[in-house]
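Same chain, two partners: chain A is paired with chain B first, then with chain C.
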Partner chain A sequence: MACQGLQKGETLASLKTESDGLKKKLEVERGKLNDVELHQVAEKTEVLGALSIKTRRVLKGHGAKVLCMDWCKDKRRLVSSSQDGKVIVWDAFTLNKMLTSSGDGTCALWDVESGQLLQSFHGHTADVLSLDLAPSETGNTFVSGGCDRKANVWDMRSGQNIQSFESHESDINCVKYYPSGDAFASASDDATCRFYDLRADREVAVYQKDSIVFGASTVDFSLSGRLLFAGYNDYTINAWDVLKGNRVSILFGHENRVSRVKLSPDGTAICSASWDNTLRIWA
Partner chain B sequence: MSTNNNIAQARKLVEQLRIEAGIERIKVSKAAADLMSYCEQHARSDPLLVGVPTSENPFKDKKPCIIL
Partner chain C sequence: MTINTLAKGGWHRDQMACFRKMEKVIVAMQDPDMGMKMRNQRLLITVIPHAMTGRDVINWLMQKYNMCEEEALHLGGMLVRYGYIYPLKEPRSLVLRADESPYRFQTPYFWTSTRWPATELDYAIYLAKKNIRKQGELMEYEKERYSVLHKRINHTWDFVVMQAREQLRASKQRRKADRIVLECQEQAYWLINRPPPGAYNILDMGLERPNNFSTRVTLNSDYYKREIEFCRRALGRNRVKSSICLEGFVKYSEQYLSHDPIMQGCLPSNPWISDDTAHWTMNTEVVPIPSRLRVERWSFSFMELLNDAMGRREFMTYLEKEFSAENLCFWQACEDIRHGENSRIVEKVEEVYKNFLAPGAARWVNIDSKTMDKTLKGIQHPHRFVMDDAQMHIYFLMKKDSFPRYLKSDLYKNMLAKAIVPQEVKKSVFPFMRRQRHSSPSPAQAVAQASEEEGRA
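Here is the complex of A and B:
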C-alpha cells in the first residue's frame, strides 16, 4: 500500500523506534551530567534560621472563592479575581503584548492593541494551566506547565519549544522562574514541587514530604531565590529551602485551599489567595 | 488519510526530540554552584530571609512604647 509522506525506508514503526531511542538518549545525556545533587552542593551553605513570617493582614470582602491575585507596581496595592465576578486581572508584560495559555493545549502571544495573534505555541497535549515569563535580563523565553504533566520552555519569537521536562506524576498547576532566569519551579497535583535547572537541562530538586498528600497549586520565590513558597489544597503554605531541599516553615491560617501565592515587588511580603474568600499578607 | 497524520505527528516528534537531545548542557555541580552563588549574593537584600526592622516594614504593626 502506497503511503504518501514517508521517505525512503521510513515506516510508522521506524519513526516510533527512532523517537523512543531519542527519548532514551535524552535521559542518558541528562543522566551523565548529574554528577551531584543540588542539596549536596548546598551542604556548604549556611543553614537557614527560623523564619518569622505570619499573617499581618486578612482581607475580607469577596463573596466567593478567590482564584487569582497580583501586586501592583506601586508595591502597596494588589488586585484579585474571584468567582463572585468582581475583579479582572490581566496577565501582561511589557510592550502591550499579552501571553495566554489555554484549555486547548496551546499558548498564544497577542498584540493587545490590534488584537492580532503574533505567535502560537504548540506542543502540550492537554490543557495548559500556567505560564511564566523569563526575567527580562535573560531574553525572550517563557515556561508553561499543564495537564499533560509537562513543563515546556519556549522561544517567544520563533514559537519553538526549546526544552521539555516530564517528571511530575500529575497535572502541573503552576510554573515560576527562579529570579536569575536559569531555573524554574513547578507545583503539581502529585503533592510535590520541583526545581529544574535550564542549563543542566534537568530536574535538580523535589520538594516533598510523606505528610504532604494534597496537590500543590501555586509557587513563588523570595527575592534571592533561596525560599520557595508553595500553596496547597490542604489549606497550608509551605516555605522550602530551595537549595537544601527541606521545608523551613509552614504557614497556617487559610480555611480552604490556597489558590495563589505571590511575592510583593520589593520582596517584603507574600500574598496568598484562597477559596476561603480571603487574601492574607505574610511578612 | 489518518495514517499520514500519524506519520506527520511521529516525524514532528522525532524532529522535536532531536532538537532537545542536541542542546548543550552543563554539569549539575556547576549549575548548582551558580544557583547557590546567586542566592548568597542576594540573600542580604531578601526581606523574607533576613527580616526587616519593624520600623521599616509597612506590614508589621508598630506598637507604641509604653512607659510603666
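Here is the complex of A and C:
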C-alpha cells in the first residue's frame, strides 16, 4: 500500500493523538448503551446442576501431538491431524481408523489455510491464529483472532474489517461464534475466555478464575449456547455457564495440552484433541 | 537430545503470562499470615528447614481457592512440574504426592522465568561441578551432553572449569543442610530446563509464533490514518442496548435447552453413553417419520427450517401448493453458486439467469426492479457473490411471508402431530449395573418433574 505521506499541518505525533483520542471516544460510545451486565440478566435463569461429563472414548493412533480436529457431518466420524504428519479419519463411535494418510506436516497445512483465506484482509498486525465463519442468514462474515490480541470481524466480500475487539491481555488462540451468530467467544494465553456481543459491540463476559493460571487454547459452545467448553494448556477442559459466568465443571483426563475442542454436529458429545497424542470423546 | 538455544523474543511473551500467575500463587503460599505452615524435615541424618508435605500443599490450595481435592492436586502438580516446588525425596520425580512426602519452595533465583532461557554456559558449569563432585560418575545422558558441550564451547572451557571449582569451593564452606538444599534446588532447575531424554519436556511450547509487533507494523502516518478511518466508521455504527442484546442470549438458550443433549440428554439415549445408535438412526437426514424435537426446531427460525434437508423438502411441498416453489429453487441454486467450485460459476450463473431471471423464464422470480437491474449488470461479469442481493431479497420474502404461513398450515401441523417422541431406553446388562444415560437429568425426568410441579401448584 503506497504511503500517503503527511498532509499540510499534520505530524506523526498529531495523527497518533487523533487516533488515540478517537479510540477513547469509541470506548465511551460503546459504554453508553451498557445498561446491564450479562450475569444480572441471567439471574432469573436456573442455576445449572452438576454435569457428569465423562470420557466415553479415547482415540489412540497418532504418534505425536494432535493439533487439530473436526467432525464429519454424519455426527460420528471425525478427522484429526498431528505433528506426526498423518491425517486420520476415525469412526469415533467404534474407534476404527477409517483412513490414514501421510501428508504435509500440520504446520504447513495450518499456515496455508490461514494464509490463503486472509491474503487480502488487512487489519491484524501479527499472526492470525484462528477464524470462524458466522452462522448467519447472510453468511458473509467471519471472525479472526491473533497474536495482536485483537478479535476482528470481517466482511468476506468487501474485505473490510467491520468490528474490532481488543480486551485480551495476550494472544488469542481461538475464536468461535455463538450458535445464533450474534456473539462470539475467544480463548487466550491470558488464561481467560471472553464473550463479545456483536450488536452491543462490546465484551459482555470474562470467564476466569484465580486458580486458572494457564492459557486457554480452544473453545466451543454446546448446542444451546448455554455452556462454553474451553481447553487449556494445563491439560484440562473447563465448562463455563455462558450466561452466569461461573465454571460448571472441570474435565480431567488428558496428559498434555488440549489443542482443540469441538462439539459434534448433533451436540451429543465434545471431542478434544491433545498433545498427549490422543483424542477423547466426552458426553 | 540436542541442546536447545531458543530464539530470543519468540517465547518470552507466551511464557511470561502463566509463569507470572504461578508465581503469584507461590508467593501467596509463602505469605507469613495466610500462607502455609512449614516445618523442619528430616532427610536421613540432616534436618532441612522450611519444608512442607504434599498433603499440606493440597489442603492449602483447596482452602484458598475453594476447590476440590482433584483440582488442588492438579494445580499443585503443575507447580511441581514447572519447578516452583520440588520434592526432597525422589528428587528426579517431579510429581506432587497427596501424602507426607516432603517438598520445598524453589528459590526465585532458580525460577525458570528468572533465568530465561537457560544458557549453555550455565549448564556446562553445572555438569562440570557434578563431574568433579562425583568423580566422573555422571548419568549416561549427562556424559553425552557434557562432551558435546565441551566440543561446542571449547574456547571457554577453562572458564567453565574454573567457575565450577570456585562454586564447589564456596559450597564446601556452607553448612551441610544449606549445601544439600542448594544441590536440590539446582538439580530441580536443570531437570526442568534440560530434561533427560524421553522425559516430559514441560517447557515445550509447540509451534513458534514469530510475533514481533514492532517489526511487522511500522507506526507511520498510513497506520494512524487507517486507525482513524476505522474509528470514525466504528463511531457511526448502530449499537443496541445491552439489556436487549443480553436478553436475546437468555431467550436463545431457553429455547434450545431441550435440544441440547449435553444439557438435557437426548432420547432414546445418548449413543456415546449408552452405546446404542438408535438416536442417530431416528435422526438421519431423511427418515419416514421425524422426531418431535426436530419438527419443533423448524419453527424456531427460517434458517433452522432450511438447514434441515427434510424441513426444506416439506417447505418445498408447501410452496408448490402455493405456486411459489420457484423462490426456494432459486435460493437453492444461488447457494450452489456461492459454495460451489470456481470453475463452474459462469455456467451456473447462466443457468440461473435462464431459469429464473430472464424475461419469460419458466420459473421467473419476483425481484424488485432495482435489485434486478443490479443483478443483470453483475451477471455480465459473473463471480461467486453476484447473486447475493437477489438471493437475499427472495430469502427475506420467503421468511416474512411463506414461512409464517407454513407454520400455521395443516401440512406442518400434521407433521408435528405424527412426529415421534422416542421412549427413553433404560436397558441394563446386569440388574445391579446401572449405566449413566445422560450427562444431566434426562428429558423424561424433566417432564415428570414439571408435571409434578404443576400438580402441586
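Definition applied: the second predicted complex is superposed on the first by the 243 of 283 C-alpha atoms of A that agree within 3 Å, B and C clash if a C-alpha of one lies under 4 Å from a C-alpha of the other, contacts with A are read in each partner's own complex, and residues count from 1 in each chain.
Assume a contact is a pair of C-beta atoms (placed from the backbone, for glycine too) under 8 Å apart; a residue touches a chain by one contact, two chains touch by 3 or more.
Just so it is clear, the model here is predicted, and its values are computed rather than measured.
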item: Joint occupancy of chain A by chain B and chain C, clash or fit; value: clash
item: Chain B or chain C, by number of chain A residues touched; value: C
item: Partner chain in contact with A:E169 - chain B first, chain C second, else both or neither; value: second
item: First, second, both or neither for A:S19, with chain B first and chain C second; value: both
item: Touching partner for A:D210 - first (chain B), second (chain C), both, neither; value: second
item: Which superposed partner A:I281 touches (first chain B, second chain C, both, neither); value: both
item: Which superposed partner A:L243 touches (first chain B, second chain C, both, neither); value: both
item: Stretch in clash, chain C with chain B, out of 55-63, 145-153, 217-225 or 415-423; value: 217-225
item: Common interface residues of chain A - those touching chain B in one complex and chain C in the other; value: 3-6, 10, 12, 15-16, 18-19, 22-23, 25-26, 29-30, 33-38, 41-42, 44-45, 48, 51-53, 56-57, 76, 123, 161, 163-164, 178-180, 182-183, 197, 199-202, 204, 222-227, 242-243, 266-270, 281, 283
item: In the complex with chain A, residue positions of chain C that touch it; value: 13-14, 17-18, 21-22, 25, 61, 65, 67, 70-71, 74-75, 78, 204, 206-207, 209-213, 216-217, 219-222, 224-228, 230-232, 234-235, 237, 239-250, 252-257, 259-263, 266, 270-273, 277, 279-280, 283, 302-303, 338, 385, 388, 392, 395, 399, 436, 439-441
item: Chain A-facing residues of chain B, complex; value: 1, 3-4, 6-8, 10-11, 13-14, 16-21, 23, 25-36, 38-43, 45-49, 51-52, 57-61
item: In the complex with chain C, residue positions of chain A that touch it; value: 1, 3-6, 10, 12, 15-16, 18-19, 22-23, 25-26, 29-30, 32-38, 41-42, 44-45, 48-49, 51-54, 56-57, 65, 67, 75-76, 93, 107, 110, 122-123, 125-127, 129, 137-140, 147-148, 157, 161, 163-164, 169-171, 178-180, 182-183, 189-191, 197, 199-202, 204, 209-211, 213-215, 222-227, 233-234, 236, 242-243, 250, 252, 257, 266-270, 275, 281, 283
item: Partner chain B, residues of chain A touching it in the complex; value: 3-6, 10, 12, 15-16, 18-19, 22-23, 25-26, 29-30, 33-38, 41-42, 44-45, 48, 51-53, 56-57, 76, 123, 160-164, 178-180, 182-183, 197, 199-202, 204, 222-227, 242-243, 263, 266-270, 281, 283
